[in-house]
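Shared between the two complexes below is chain A, which has chain B as its partner in the first and chain C in the second.
Up next is the complex of A and B:
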């Protein structure tokens, strides 16, 4: 019998959206329509919630955590009778990974772009030209000095 | 009717043809856009939200504040922006403690979230404010013979507790909007499947996209109609990659709803930017022209 890592659960409790993991009663209603589970035998939101309840920090927040295969479709949020909002628990776990520097590399790429330019997609001469051809105005400037204040903790 | 449009990053930079189509068609429906200064990325509900939900909420709240100060509802054209801004608006107006935390941060830049406006995907504005009848009346060249497979995507509808748009399992909003412009709607097995874009494995989204495209093609649809630039990315660019990978023709035109609406209102394919798509849209244009010759 595994012992429960309450310290990790505390951490999850204090992350936005993580606390609801306590209320999962393992019914599996979140699994049937989960596309990531349909397409990958290794992904199962009920199991992720079980690992959260056990406080299995290594599996959930390690380099190869299954959580990154979630498609963020929110179907489990609709199905869960306990208002666990499994996808939000998964995102809370992602927040913990980000702190531990174990987040998927795509995450850092996109976030670096937002931190540098205020946007996820870079403006290029091609994108400017396309806008012009379509009769659209130039892209407005993002006030980065304001944004930078908000990236700080 | 005045609204503050929020076009986000994907549409503004990568797919400006969607912005062009929205601006041109909305005008014909009597919607008035007041373009506000200072918006940033919504920020995106997948990657950015995965880093720190509190920072994500704070930057979303900053965008909402800009619309609050101007006194207009925010109208979004991308399901991702819709998700971020609606979720932020919902949580901040329902959870006082969270609001206080966020406002403490916003104070540094002289802003305060109040919770005085709504965030709405533009298709809900068409259904609820403009009205289906008026959409119908704006049509000059109905899409009579064009068979459209609708792709809802996830974030317009879910979580329904927050979105409050339609039945999340059996929605009808897009059927109504496509019928209004005369299109024939084709249903297929995988129409409710997620586009898979947010999944960070390579294989899973590929197989999902493959299944949607093959099911769509089997249904006899001429094209796919959707309302989100991220889904568009996955299906338009994605089908070229997958056709090569699986050595199978998976190509089928993918259009944004407002491009269809533009064509139906009499705009040219160029004006709604169909030439910028990866997949050829000639066949649809030919059908449309034939049905009106």
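Up next is the complex of A and C:
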């Protein structure tokens, strides 16, 4: 018999995007059209929502959590009849993961890169050269000071 | 329906619209537009000769477009009265060059192309609103492919296909190849229980409709594979669970899961439904030959017309609101008006008949009474004070005030229709309207009594009879603790709370005033508490301009069940009261020293006028 971890649910409720998980009635509309669920057998948005309702902190925010298989395509956002916005619940869970330091090291790298350079992908001399060859303009400089201020806020 | 048509005491106005309703309970005047049928109803014996010669063919609305009808037609085979009518939009008319064939063949000579709409005036005692419902159009749910794939139909269309009087004489065939499908799928909750597309409520009838349809299919075509995709099956009524069991026994497969996508096989025109079977957690693909969308129930799109005619109110869903959801489920807030059927909320045949019976019985009570009893708490008008400005009429949720600004006829309350909210009294700018048992003088006396001793320690609370005052009772019954500094003045509705009551309380040194009423949708006087909001907002502005902190006037909605909230609000208000300083109270007293009641002003003016007149006479 599972007992419900309300503490975790409260935490999810107070994270942006996670508050609508309460309204899920487990119809499975999010799964029927989910491209990630079609190819990876361990990813199932309905089950993730069920685990969220049960407050299964370990599965959802532990290492190797299934949530990282989500492709952020927002199909479930369109399908969900209860406006639960499953994809945003998953994003909220990802944020919790990051805070708990259980996110994969690759995720950490991207976040660090954004914090340092304002970009998710590094600009190298190779990419500059390729852009010139293709006749593209030089990459604009990210206003890092503004960005830093935003992060601090 | 046949019985209704034949009944000596029932007048049936088919193909007619109500245009205007005036009057009040027991004395309604109704104007009905009887639309021209262009066929004399009494003479037509529905022989059908005219239909044979009519050259126009248009899609038949009743058959959901599965077959066609002529320009002269019967809406449905069992139509009462059984007389044809001409759809003038499509008829070619009586131009001998164009057509006029039906008039030629009609032996009874009952076709009249020049017929005009007829206006009929009726006097009635009670009105029953039974305007029915609309159904959800699932086109916007693009994942189900309704209208993109021909073999996806709605449950209404299914009904026409399986009905013996339907377009296919009851032979169930699918639109693309006219063959009886070997496998059929049903999707439940299409347009129901959805926050985004469709409506958020459960439509009540679709589960049982699908179960019935599945049993029908099993009876007519044994061996058909039927799959029902559902979220929850709600088989709550008498014998419903038995039918559900029978359907399962017949081999209908119930799959718990809402399909995410439907695609069509372009060759076979079969449909492939992708769904997660939530019982197993597996994503399944089902190939079926025909798909039925079990569509939800919507309120009538033109419901607001009737709402205006009868001064009714609608719920957030768009259905008509009853006088009380538990104790008066058949009565409308307007006296003498009753509901039957889906106009009030989606319901099945049995519930509709039950409600219709109740509505008829409740109407009988009014029709058989020579006089009806009304509550003594109604408004009254001092005709001398009234300037016929029509403000009370605008505020009245029941529109039960007769007044004419142009003719300067002073206001008169129709007491049979007045429910006694008192909004008119609070809105009247001249103090001409007041309420029996809740007169201005009575309420002012209560305010004076409350603030006679130590006014700085007291909060004046206006609570409405139905919700907030009952909420206070609830707090008492539940033995909830709250500070004892509040003094409650009961009014029938928060709409009764006049601007000057609040100002007068401040003038007498009240640190805080609280106005409380029912939650918006729960107002017992249709929408009288919307006037409360307007008035309080106006007061906040006024206080601010005077230099008085507007926070000292609070507005709260507390329902009869919310004892907890009542206690909480009282505690909060008490905290606020403690923060009001002596200087503030003194300042307020001074600022309001010149406060005069609107009645006083008007009376003074009237007396001055009178004195002037007397002088002239002398």
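List of remarks:
Keep this in mind: the second predicted complex is superposed on the first by the 147 of 153 C-alpha atoms of A that agree within 3 Å, B and C clash if a C-alpha of one lies under 4 Å from a C-alpha of the other, contacts with A are read in each partner's own complex, and residues count from 1 in each chain.
Note that in this section a residue touches a chain if its C-beta (ideal position, glycine included) is under 8 Å from a C-beta of that chain, and two chains touch if they have at least 3 such contacts.
In this text the structure is predicted, and so the values were computed from the model without any measurement.
Three-chain overlay on chain A, with chain B and chain C fitting side by side and no clash. Residue contacts after overlaying the shared chain place A:102 against neither chain B nor chain C. Of the two partner chains, chain B is the only one that A:119 touches; chain C does not reach it. By the document's definition of touching, of the two partners only chain C reaches A:30; chain B does not. When the two structures are aligned on the shared chain, A:47 is found in touch with chain C, with no touch to chain B. After overlaying the two complexes on the shared chain, residue contacts for A:81 are found with chain C alone; chain B is out of touch. Between the C-alpha centres of chain B and chain C, as viewed from that of chain A after superposition on chain A, lies an angle of 90 degrees, to the nearest 10.
Within the superposed three-chain model, A:22 lies out of touch with both chain B and chain C [touch as defined at top]. Counting the residues of chain A that each partner touches, chain B and chain C differ, and the larger count belongs to B.
Within the superposed three-chain model, A:73 lies in touch with chain B and out of touch with chain C [touch as defined at top]. After the two structures are overlaid on chain A, the closest C-alpha atoms of chain B and chain C sit 6 Å apart.
Once both structures are placed on chain A, chain A residues 75, 78 are touched by chain B and, in the other complex, by chain C. Interface of chain A with chain C (complex): residues 23, 25-34, 37-38, 44, 46-47, 75, 78-83. Residue ranges of chain B in contact with chain A, taken from their complex: 9-10, 12-14, 16-17, 19-20, 23, 35, 37-41, 43-55, 57-59, 62, 98, 105-106, 108-109, 154-155, 158-161, 168-169, 193-194, 196-201, 203-205, 207-208, 271, 273, 276. On the chain A side of its complex with chain B, the touching residues are 15-17, 35-36, 39-40, 68-75, 77-78, 85, 91-92, 94-95, 97-98, 103-104, 106-107, 109-111, 114, 118-124, 127, 130-131, 134-137, 139-140, 142-143, 146-147, 149-151, 153. The touching residues of chain C, when paired with chain A in their complex, are 143, 189, 193-198, 231-232, 256-261, 274-278, 281, 283.
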